[in-house]
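Two complexes come next, and they have one chain in common, chain A, joined by chain B in the first and chain C in the second.
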Partner chain A sequence: MFEGVVKIFVDSVVNYFQSTSDKNVKLGSPYLIENTDFTSFDFTGMIGISGPYRGMVYFTAPKVLLTHLLLSLGEKETSKENMLDLVGEVANTLSGNARAELGQDFMISVPIMIEGSTSNIHLPTALRSYVIPIYWKAYSAAVVVCLDNT
Partner chain B sequence: MLKLMIVDDSNIIRRKIQRECDLGVFEVVASAKNGEEAISLFEQFKPQVVTMDITMPKMDGIECVSELIKRDPSLRILVVSALSDIATGIEALECGARGFLCKPFTEKELSDALLKLTEGQHV
Partner chain C sequence: MLINFFGKYKSIVVSIALFLLLDASVLIMNFYISFEISEDASGINLAGRQRMLSQRMVKSLVNINYYLNDAEKQQQALDELKSTVGLFDLTLKAFSNGTATIAGDGTDITLPRVDDAEGREAISQAEAIWVDYKYQLDSVLAVKTPEELVSVLPAALQYAESNNLELLFLMNALTGALENVASSKATLLRLIQTIGILLAIVNFFIIMFHFLKQLRESDEKLESARQETVEILDTVNEGLFLLDENLNIGSQYSKKMSSMFGLNEFSGLSFSQVLEKTVTAKDVETAQRFIRLLYRDDINSELIVDLNPLREIQVNISGDDAAYVEKYFSFNFTRVYQDNKVKDILVTVKDISKEVTLTKELEYSRQQSQKQMEVLTEILHINPQTMKIFLDNSFKSYDRVNELLKKPAKSNASLKDKLNQIAREIHSFKGEATTVGLSGFESLAHELEDSIAKLKDSRELTGDDFLPLVVEFESLIRHTELTRSLVNKLTAFSSELSFNDTATGGYREHDQWHALVKTVSERMGKKVDLVVSGFDIDLPREVAKVVNDVVIQCIRNAVVHGIEDPQTRLAEDKLERGYIDLSLKKLVDGSLELSVKDDGQGIDYEAIRSKALAMGRWSAVEVNSWDYKKLLPLIFHPGFSTAGSVTSDAGRGVGMDVIKEKVKSLQGKIKVGSRRGVNTKISVVLPQSLTENLAA
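Moving on to the complex of A and B:
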């Protein structure tokens, strides 16, 4: 898949963190995983994609990173509800921003947010996913892109 | 003070916009988490300015803009959305929105966009 599409999401992640009070985000090299190997952090926000591309985009992050991200956005309440809200909003923003390059046919769903294990999410085993590692402050998170355009 | 309603399915974004709008020019009279709720609150509070997300459950922002403009053609609506393609921005403007601000946004970008809106400019 689609190195160009992955680059679009890389740019979206950088753009997102540019809007926070700590703009110093670093991204690792994207890599491929089997969809049976997907692991997640404490909170995950997922967006369903339809149109010419079909699949899912995830933002997954540990509680500690989300706590700092909420504070950097001016939000003092670091509750579980706000962490779920935040992972959904980040996933929505990254996917929505991709439409600047991919056009309005790149349809995105409202976010679905999960706390804890994502083991009950089943991605197509015939596909693989790109993982984009994110390093912000001293913490790690990831964006996972699983898309098919056949 | 201009009466303002915030429409977004994210509580964090609603609160972020409210913090910026609580600085004197606007009185935030209502916050809605989807288009249906926005229509109901509009009838109750009659805001003069609205910030409007697009991707929301129940009724999306484009449909909600159309419904609100039918009720009040002078309503000043700033669409605040992650959908950053040009076609979506044009669609929002054709439905009656006066401006479009792409997420993620900084406090300055939001305040500048709202200021232009109050001055009658398109954003």
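Moving on to the complex of A and C:
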């Protein structure tokens, strides 16, 4: 079950990348991080989850990846706002897919977007997060799943 | 019935009815008296006419006498006298008896009989005079010839002269008397009107004061009731509201609702609008169905109370940072009846988060205790120091696995390589768990190895294939954390459990090695003795760890692959019990030699050759051409094992390559010597510098 839930999020992001002009997206092997700090790249889109599993899921990516992603989507304006919009859109995809697949038993929040690493995000420290690296072009982003599955 | 209908307004209705009755009676009296007064006015007029008639009679008599020689004028006077006498007589009778007479306008009019004493007196006196007067006048009117007239006229004139004034006076008195009656009636009318109006005013004021007071009182009651309701709704620590038939929320609800549901305005919102942001769609739907049941009068609410899906519901209030604040609410639904029909549903919502959290915590700690008990029974027989080393090593091992996972790898080959490295790490961890005698860890590691084995079979690896592995890996970490917390607790209880953290303090793993040999040999149905010698050298922990790993791997291999089962041994003229000679000694050049020697079947080179062929990495011609020097190194090749099937003790084939790498990492060397059917000896030589470091 837990694997299935994580897979929904990973697949959403992979599908998103596959909708771009460069469909060659690869997944790295997942690894664990301690939730002592909010680990992220430059821009992050995040959704909250509650229900049988509680916590957060976020997509985080470096500026350079987002710049190329914007360009490949035909967007020439690579401003900070557009990057935030972009991670927001990915988070929206996460949220949408999660709603469609888990909607009956889960509560899925609307996405929020963050620039940089912020101390405002409080991850449940008792948990470890799963980081699933995403390789696209020469860059890497990640989906981070921080869910209490005890 | 009607009184009941008016209810509390009964007295005001009675008062107003009384007021109208009073007004009506005044009006009736007014009509009646006015009518009488108008009748009296006619009487007064006619009484006045009698005065005039009495004088006209005298004037006519005088004219008759005056116009004795003028027949025509005399006749005119006679006619006038006749009509005057008739009218006077008729009117006097009318006054006396209440009969009809002729009014001034020539119409008939019936006068009321005069009953007033003064008037009656005047009438009877006048009648007394009028009897004779009328006789005299009638005789004047009855004459046929002038001569007759001359004979009767003087008497009539005489009578008129002597009684005329008296008659005038009496008619005057009658008029006065009638006027008095009328005036007293008018006075009465005024009095009645005055009293009526006064009563009406009094009644009005009574109504005013009484009912204003009542109104003010009931207003005050209403206001204070409203105030109480507001106070209750403002201070009550629960969510309170009414739901109508369409499941909309009423206009009044408790203040607590805002903080409970994170909304400011509830009035008119539907129940589902309030719930949908906090409760899953499925629960909202079930709740609506339940409330609709409550609106059905034919269903006993006691019977369906257990169906309430919101009796203990997890709600999620979304916070500022996308995360949800998790709470537990208890919704209670009570029917509100009006005229025996369910009008509304009163909903009370209570925040039971504390209770639920407490129960959950209790349940969690109960489960934890249970798990800890299981772990406790597993670790109790293990030397605390060994346990601590094991845990430290475990976490280091996990870190290495996680680092391996983290290492970027995109291609199939690099992922396969990553998988192999992880497999080796886990296998080595499992070996350690077996040695220490932690079957729980051992089985978790074994499951992990199963998952790894499945992945190894897949042709093309992608990153997300590792996900099940990572999930299992994470639960292994949790199990280790649980064990560590338990060990820490136990350590705190006993000062004896404190231990020297700087060095191993000599080899105490002997017990574990014996235990390992015992466990594995029993599982394999073999009989093996372990002889340990020379392990009294102090070693840096790092070296001790490698020595331990090598020992575990080698004695396990010796039991699994080397020593034969008792029947085979007996058949080959060997002792039933096999033995493993394990020794550690310092060589003359200061280097360290660890050797593991068993009296088993020796290395089966043909088995290695078959396995090499089965692996398919080399051509059959090539493999078949290899001699034992070429075949032997294969046992250190990753993924190589000659055991027929996978068990906890062998068959994973990641043991020897781990040993080789560890030894290599300490600049050590491994030598393998074997005689087929006689023995196998594996010796590891570690350089001198390693032990010197400790001495320094």
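FYI, the second predicted complex is superposed on the first by the 138 of 150 C-alpha atoms of A that agree within 3 Å, B and C clash if a C-alpha of one lies under 4 Å from a C-alpha of the other, contacts with A are read in each partner's own complex, and residues count from 1 in each chain.
In the analysis below, contacts are C-beta pairs under 8 Å (C-beta built on N, C-alpha and C of every residue); 3 or more make two chains touch, one makes a residue touch a chain.
Computed from a predicted structure; not experimentally measured.
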{"item": "Combined model on chain A where chain B meets chain C, clash or fit", "value": "fit"}
{"item": "First, second, both or neither for A:Tyr16, with chain B first and chain C second", "value": "first"}
{"item": "Partner chain in contact with A:Glu115 - chain B first, chain C second, else both or neither", "value": "neither"}
{"item": "Contact breadth on chain A, by residue count: chain C or chain B", "value": "C"}
{"item": "First, second, both or neither for A:Leu73, with chain B first and chain C second", "value": "first"}
{"item": "Which of chain B and chain C A:Thr93 touches, first, second, both or neither", "value": "first"}
{"item": "Touched partner set for A:Asp148, first chain B, second chain C, both or neither", "value": "neither"}
{"item": "Distance of closest approach, chain C and chain B, by C-alpha atoms in Å", "value": "9"}
{"item": "Intersection of chain A interface sets (partners chain B, chain C)", "value": "103-104, 106, 109-110"}
{"item": "Parts of chain C lying in touch with chain A, wherever the complex brings them together", "value": "278-282, 314, 316, 318-319, 321-324, 326, 364, 402, 405-406, 408-410, 415, 418, 462-468, 470-471, 473-474, 477"}
{"item": "List of chain A residues in touch with chain B within their complex", "value": "15-16, 18-20, 70, 73-75, 81-82, 85-86, 88-89, 92-97, 99-100, 102-104, 106, 108-110"}
{"item": "Touching residues on chain B, where the partner in the complex is chain A", "value": "9-13, 15-16, 19, 55-57, 81-88, 102-107"}
{"item": "Chain C contact footprint on chain A (complex, rising order)", "value": "2-3, 6-7, 10, 26-32, 46-51, 54-56, 103-107, 109-112, 120-122, 128, 130-133, 135, 140, 150"}
